[in-house]
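The following pair of complexes shares a single chain, chain A, combined with chain B in the former and chain C in the latter.
Up next is the complex of A and B:
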């Protein structure tokens, strides 16, 4: 087990396309880090650079204090689980798990012991003599995890390992992964584009966009205090709502349509700055007695049983902007009817419309 | 066929059966002719059913050589053909799989130049480059040797391309997983690429063995020593045996015997070939 230090890491492909710029992450021993972001944001490139499958253009990568920039993947003491499993199709499950250990030259009884242990943990003991094609998707991915575990690496790398599985299996394997992490107490670095997966697995999330880190923090940091509008939109489903506003002349208030909202702390922007006020659908409530209120013209309604998600248009300041609200329990609003909604001051997020940076502390 | 109409079924089957009959007729004729005496074949009508001379004809062929074929025993010619065909097959597969591996998995200067050079030789079969090749072989002193029969026919753009296309379908993640598992280039080739190419190798084996077995022009050029004659050359020499009448019953018998090794190869390899198609492991 090990800690990892990534310092001003960058990747530029021949031809000048820069996939990753100036990435700094410090990863503690035993941490479960999830890299998340939309496709093409560079998260997989970072993982592949850590694995050694992609060369590092700039910056340093240390595993346990040793610079590994120029080491071959096999010499970095890492293990990787791929999205499409990447099992050797002509080898049995046992041979798949053994292969790396044999290449390392471990003694036979040691290999057998490790495989017995890993296959017990992953409930694969009955399948050791089967070929990968005789297994289901979930079993295949467990074999791929087994192949990683038996190597007892310093760092485990996961590249969207659950993306090829169906929703039910994904939830189940997510729980297994979390349990595996607790059991092995290893350093896990996990890449996904699924924010739910990121939220449920991570100790800390690194959220990326266009090759740069937007924010690093615990899932609740990201949910409660998104640093940028991008993070605010990316984390949480349905996505956060945004309403246009301007900073009032006193620097303490926001003008939303005819409404004036007094912020509880100074807003770090000059008067007249355009601001996007973010509020999560689950933080909007019915009624009049709220710090900020908004009218919703009902459109499409999702009846989910536990919640009702109402999509529609907000009519705060003349211009209509899309708005969604998550109401607890069963509601049956008529399409076209108006709902009176409001949110507490503490549930509002202010972002500079131009830069996307968070304004309220 | 998506449609299920009896008339169409009958029609398509009839067409197929006629096709099969058409293809099989020469083989049938060879089989039948090899069981008659020379007299029966030279008089009209030609027999369409087996005669009673089969045993004598075949034992004559197998036990001693024909003076018409230069007196080289049949067994010797079959052996020569087998050595040449197997040499060409193994040589081609070995060379082409290694060059495809280099072209696909290694980055080296002028990689694409090499690839295109291999590709262009597709357009140059043996017959086109036969004079320069003959010259080279002569200067290397390879006339009248197995090496002379085999080596010039080994380089194969087709097989290289086939392996290249197959290697390109192997997911990159498999290569990466192997790198993480500390498999170097040689180990990756031996432990992963080669087993995965098994079905491709089987398919190529069939094609190349038949190609090698049927070689006629090249062996004719480089061998003057009767001890190196191949079976295909032998048949041809029997037909053109100077003044005397061709001994059709023996020629057909030789042809039938010459068919056996390719047929055996097809039967043996087909199992693996079909298995590979059905399992589609990738």
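Up next is the complex of A and C:
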């Protein structure tokens, strides 16, 4: 149970490759933080710096107010779950979980008690004498978690722990992980490239791109008010649609093709600025009576049962751009046919095309 | 379902394996049979006549204290060679595995001795240790050790052990390095997070995971020490002084080609053959099961 303070953290590899720049995160005790971003964005590097597996080039890392930059991994009071589980293959499940406790020099009965408790929690009691290779992927993942929780660390670190599992198991373990967090009330820092995982697990999400933080916020902050176009595209499936526009001469309206939309709040950009108007596929609806409307030329249709996702091209506003819409229920639009769609003003996101920054507050 | 290649002609597959079969038959089975056959005869030195004596050659062998001493020498020799080679090469491999810059250059340098022929390896050490002109012998003298492997049997044995081990280090090093590199880095990292010191990490994680490699090398090294060291011993001590470095394979040679007692020599080679077959069988059959995790 601990809070973490990460101040202007940076990592530069020998040879000058900068993996992480100017990262500031304050993590509260008991928080579930998810670092998310595309591969190579530096999220794993940050996690490994917190663990002590990578040296910190610049900045400070405090755990519970104590600077730990120069401490060995074993002295930081953290536990980590690896992507490939990193179970010791020559040891039984019990020995895997005992290893860290023995190194700490805990008394035998204390060790036995902690292992009994953890294996009950993780439903591993029947497998304690098996070797990791005799277990399924999900079971191995639970052993890796068991090895972390018996240590009773201040901070739990997870490095894409579910990415080696199949989709169904992943959903199941996601729920177990969330329940585990509630029970342990520990500080969790979790790295993933899967935005669905991030959304469903996190108290707060740190979304990263190219070594820098794009936005920190609750999942709904990120969904409803993405700070940059990158965040807007990354969060939500199918991804947000973007339509080109320019800021009108009055500074209050947007010109989209032949269509003029009056924004409900001032747009913080001079007239003539190129703007990307973002609208999520689920916020487009059929019909004429919407603030912004667009015609979709139907292309590929995904029939998912509960929803129908229609991909195609936005055709009427002068510029042709790819567009997707999520319609509730079953629809069967003819390929090549046109759908009249629209969105409410409050569902539109405006981004500066050049900088990617959000313009409407 | 196993995929099988189907030949239209029935003869072709046999034709294709024929060279291999022929080589094995001519160069392995035929001499082996000859050895087995002559071990039951006593033959005169010029090959004019021979008499069937049954198991007499074997009986005499095991009554001969010299032969039994060769057994002991072979045991000391092979175990020492294996232990020395493996510990040094494991140390080198661990060190080389940590080197990041110029790693390939280090590795190449460490692999070079393998290109040296056994006899040459022996001669190199023979000169280094030569009591009158060897540099190492000179250093040893400075340290107060009176080195003379011409008269001191224990020192002669030590010399061939060192030379044989040195020759084999490169080979072992290569396998240990490959073994170390196949251990996922995350295991070591997990152990570091689990508060294991570097030494403890090595002995509780790395070393157990190397057991398949270690076991393989143990077999290879023992077989090497049993057979491939003949040239080395022949070029340096010639089995002497007296009998001190006559390992079993050297004795086969000295009894047969020097002593011209072909029957006994044949019997010895049959014993040696049985020994190695037995050893390999036991090792792979029983010990490998334990090291497999």
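Heads up, the rule we're going with is that the second predicted complex is superposed on the first by the 360 of 361 C-alpha atoms of A that agree within 3 Å, B and C clash if a C-alpha of one lies under 4 Å from a C-alpha of the other, contacts with A are read in each partner's own complex, and residues count from 1 in each chain.
Operating definition for what follows: contacts are C-beta pairs under 8 Å (C-beta built on N, C-alpha and C of every residue); 3 or more make two chains touch, one makes a residue touch a chain.
As the structure is a computational prediction, the values presented were derived from the model and not from experiment.
With both complexes brought onto chain A, simultaneous placement of chain B and chain C is prevented by a clash. Touch criterion met: A:88 reaches chain B and chain C at once. Once the two complexes are laid over each other on the shared chain, residue contacts for A:78 go to chain B and to chain C alike.
Chain A residues 51-53, 72-75, 78-80, 82-84, 86, 88-90, 99-100, 103-104, 131, 133, 147 lie at the interface with chain B in one structure and with chain C in the other.
On chain A, the positions that touch chain B within their shared complex are 51-53, 72-75, 78-80, 82-84, 86-90, 99-100, 103-104, 131, 133, 147.
Those residues of chain B whose C-beta lies close enough to touch chain A in the complex are 171, 173-174, 176-183, 187, 191-192, 195-196, 198, 279, 281-282.
Those residues of chain A whose C-beta lies close enough to touch chain C in the complex are 51-53, 72-75, 78-80, 82-84, 86, 88-90, 99-100, 103-104, 131, 133, 147, 151. Only residues 184, 186-187, 189-196, 200, 204-205, 208-209, 211, 293 of chain C touch chain A when the two sit together in their complex.
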